[in-house]
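Common to both upcoming complexes is subunit A, partnered first by subunit B, then by subunit C.
The block that comes next holds the complex of A and B.
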């Protein structure tokens, strides 16, 4: 009886915190999504409009475009970061004793704020002043501005994002590699498996849960990516780099349309929840099949 | 009540879905020489110390754009603190961050700020949501008004003031500065004999210093675009040089730059009745004038640096400072940094003219205001600070650090008049009525209104006056601006044709403005 009472007291601060900073604001935003409420329209004064914001969203081509851009960014970025992160993890885990020293150094880009990373990207890619921008111009790979060209702006953002987040994935996978049991490797050796077979038949299946964790975190992050894009391109040129988070930000904090902005955020929230759940189950099934 | 009570909470959830905010912009500022005497009312009973007595020991918080004039205020605020026994905290942020933070503060009615500096085009949003106090309630209060203080008679231009500080007939602010854009050009290149000779041979007329028509502007831009290894003004270039620069990124710079050309070409985005920004008429953005203007801009980008499509005013300024371009149409509050020899290769080599002329000799009206929010718990103290900041000593000190004072008295100071960009700035802001000094071709400095521009006829009026063009300040302004930025950017980057951009933009603006 006594221990139960104590448990309530221990949980209470977290529960209050959850209520105040997550649940109440979430429910408030939900109610806003059913209202017409904007600081930049004399006709939007907070009146109830039912599902009009959601109806508008269904016919909003720019919203669909922002989803497309999010996936065009997310899929290559995560693939690239997964492959590079695995490579880095294998190198570091191979040098076990030195790994602990390397990890904090490796994490430096991840520790920097995305705004700083974005500014580094802007400065280095500028064809007039930036080191990389000038090299790309000199080699004839990009004519003009990398960030001002619809076909190169998104790859540039993916590259900058990869610079920041690959070490994060590498750290997760390094932890996984260092924690793998030795027995399966000994068994593989006895069975005469070569290093490639050992990697694909032993290491990868055992490492898979760590991949799943990294993947899910990065998928959620991909839907939230804002700072890097805002600093580097503001969603431009045109809407070539306008992801869902940038699109929602523009409506909420540029147009000050809290009704439509809240509706956008609700849809993004539901979509991420479904996507993460689906991915998690699909990956579990895949692992079981392996 | 519903809005105020629930908005703060909703902002939290919306904000929590995004990562961080942009870092504040900072610019190193030299020391301000503190004036020896503090301007106070010598007459009657009134004194700043006495008027501020009820707030002694309290703190006043101000937010604005982190540019040298604000930092000058930071360095001078000690005088106010000393007289009033209060503490003043000045917060400087980047342009857009300052606007965003103020809107969030007002929406949440948190009352953090007592004085806010905002661009004038935000007035409609701020007033229509009931966030601002009219200035009259302080100005007409004898207990708060310095009997020697009167802004009405000392403004550079009353039309400029009306647009930047009043909304629907009420005064809501006092000018932190009046700002305008003008054509900056490298007079050392334009007036070099070799260049003059080469230009005449190629184009058949004298190298215009400065260009006063857009046709001249295009020729000059082409002429000065050179590769590394070529010669410019007698020197072999070690890097590529370009005729001009532009704001091509999806950023508010693209909007300002677009407006300069369409206004000059005789076009408008939205008809503003009586040249007032607080109401609007029909959307007229899809016009032959605007199409010609947009095509002109796209054509001119051939002579701009490769990074122009991702350039904002920051990259434009960097291009000027590094000697990369011959011309730029740029804000006057950025001139200080380009005239600073520690930061700029071009310092002392620039002269200042107006935006080139097609169907109008014009300048667009712009300004930042001192505003007092209703949410401030110390509005009277806020007023006393603003009134003090409008004093001559503060205004002059700010001018010497890149400010753009709205008061005539500031320009009586000989040191202020000697700042290279000041004569052109005053000429434009007074609609071509005030000429502090003129500049002839061949003069050894950039100081003065170029004679060529001064004598240029305004096709719209038939005389040499400068038209002052108002911009939207009505509440929907931010949506209008964002829409224009997007479609202009799409046209500049070649995503759509100029024709499609203007057609789509017109549809979008009509959807934004309810009366359309």
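The block that comes next holds the complex of A and C.
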């Protein structure tokens, strides 16, 4: 029997899945981005219009704004989640033998769907009956509604996102901490290092690769964040919380401009690919330079 | 400099599932080079870690000089450790790795910056890593990392050096040189050194005193000569010496020792009575070193066994023969010029005075 003939059958299920789930939608979106598919216009026949969608995009200030919003959300959110996640991981890794039960409880927010988390956010931040919303109003930190104010809506989303995703980062870092070799710690003990030196000389450098993984996942997520924002603010007030995913969604499914929406998605896709590649290399270089 | 004493020390891992050390008693004399010899998994690293204090002792006590240190922190014991797994600080240059033990907060006032730099350079030169000082550990090969790990231990002058297979990953030539250097440094400084190795030759050539450890138990303690010449049991007999000692069963009959193949070997009356009292149903274990077996012509009257040469392993000056006889394969060390050829029929003889006798049940030496 020729085993090569069988190889095809082994690969086929994965190949079909890849084709159906990833390749076909991607190629469809790619072809859409070169066509006019505006269902609100009588000219929406899907005819080929070349790079018109892309030309429009270059001069679309709202699109640039959505990138700015995405970064304004991403950078503080990831910093916050990284720091809190590390703290949580140190606690979990330290307690893992005695308090294993804590882990699933701490993971609860990550397990909930983002829509539910968004709703929790909306309810707790409500100035009339939400726990946190009432307090913020009482202390005079926020005038009226947190989510209705352009300067507080994005921080609120960052806070809710952090609530959901910190445990996820904590889990990655906990796995890292538990997998670290013991000997470097023992060497530090023998040498007489204090806890702070041990943390910066041993823990951080050894844990760094895990940080990079968590960071890259969250960067990619930042360009996809949609559910929480849609539930909480729909990108508003104005465009204050309109990230790229929200913006692309609005064009595709609110304005029914599939052509332009697809072009947006293609640009975002290319941008993420470059960004992640660049970040990954930069983080490696940074580690090497240390 | 200190004497190190382990008193009834036991250690378990995984909640008692793994008994790493069983009731260890050791006395490591002040200023001596002490080797802990044993196969992988014997408990060598565990012993080092317990003395260093990085792992807690389950039962028993550890003393340094006459002070009990069982519950002292590692940095209060004033020891330096070279870890088998290197355990270097990642993201720190070789220079910083070597300097850190001198810079640590507990020794802040002891060393000036110039002294530290000078000491680091000195150690680096000694270990042949002076060109690597500004590299990071991950830019080094395994052997280079191991030298940095060793350097980080040697940079200080503590009460004791604890070296866990510190040159195992160096290439043969460098290992040979480092062995000499280590011994020289130790003699010069007179610092008590505990050195683990799975290599019997290394232990024999370095140690003032040594212990053979196996499955968490000390099999024998003594000078290298004592251990080589009078192995306390079959394990030590087999483990120390290369090629390993030949081990056979034999029976006591009248005033003779009946070897396999039916040959009888006359033995003296005092030896007979000594063996008779220890033997179990007249059965004994005999050990004989490959060096102590003579190769004779197959027709020789002195030949106790006859057999055929199965392999000849030339090691330069000497060669190792594997001779298959009726029941056993016997290994013999001969001078290469006198080595028979593969396939040749030979007779084998030895002197009863070169035999080591062991109790077949306890496998302990009969003296």
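In this text, the second predicted complex is superposed on the first by the 280 of 290 C-alpha atoms of A that agree within 3 Å, B and C clash if a C-alpha of one lies under 4 Å from a C-alpha of the other, contacts with A are read in each partner's own complex, and residues count from 1 in each chain.
Throughout what follows, a contact is a pair of C-beta atoms (placed from the backbone, for glycine too) under 8 Å apart; a residue touches a chain by one contact, two chains touch by 3 or more.
Computed from a predicted model, the values in this text were never measured in an experiment.
When both complexes are superposed on subunit A, subunit B and subunit C fit side by side without a clash.
In the superposition on chain A, contact of A:194 is made with subunit C only, not with subunit B. Taking Cα centres throughout, subunit A sits at the apex of an angle toward subunit B and subunit C that amounts to 150 degrees, reported as a multiple of 10.
Legend: residue contacts after superposition of the two complexes on their common chain; A:147 is shown touching subunit B, with no touch to subunit C. Counting the residues of subunit A touched by each of subunit B and subunit C gives the higher count for B. Residue contacts after overlaying the shared chain place A:270 against neither subunit B nor subunit C. When the two complexes are overlaid on their common chain A, residue A:108 makes contact with neither subunit B nor subunit C. Contacts of A:39 after superposition on the shared chain: subunit B is touched, whereas subunit C is not.
Residue contacts after overlaying the shared chain place A:186 against subunit C, while subunit B stays out of touching range. Of the two partner chains placed around the shared chain by superposition, subunit C is the only one that A:206 touches, whereas subunit B remains out of contact. After superposing the two complexes on their shared chain, the closest approach between C-alpha atoms of subunit B and subunit C is 39 Å. Residue ranges on subunit A touching subunit B, taken from their complex, read 21-22, 24-26, 28-29, 31-32, 37, 39-43, 45-46, 113-116, 119, 122, 126-129, 133, 137, 143-150, 224-227, 230-231, 233-240, 245, 248-250, 252-256, 258, 261-262, 265, 268. The part of subunit B that touches subunit A in the complex is made up of residues 2-3, 6-7, 9-10, 12-14, 16-23, 100, 103, 107, 125, 128-129, 248-251, 305-311, 315, 318-319, 322, 324, 475-479, 482, 486, 489-490, 492-493, 495-496, 514. For subunit C in complex with subunit A, the residues that touch the partner chain are 49, 52-55, 73-75, 79-81, 83, 85-92, 100-101, 104-107, 136, 152. Residues of subunit A touching subunit C in their complex: 181, 183-184, 186-194, 197, 201-202, 204-206, 287-288, 290.
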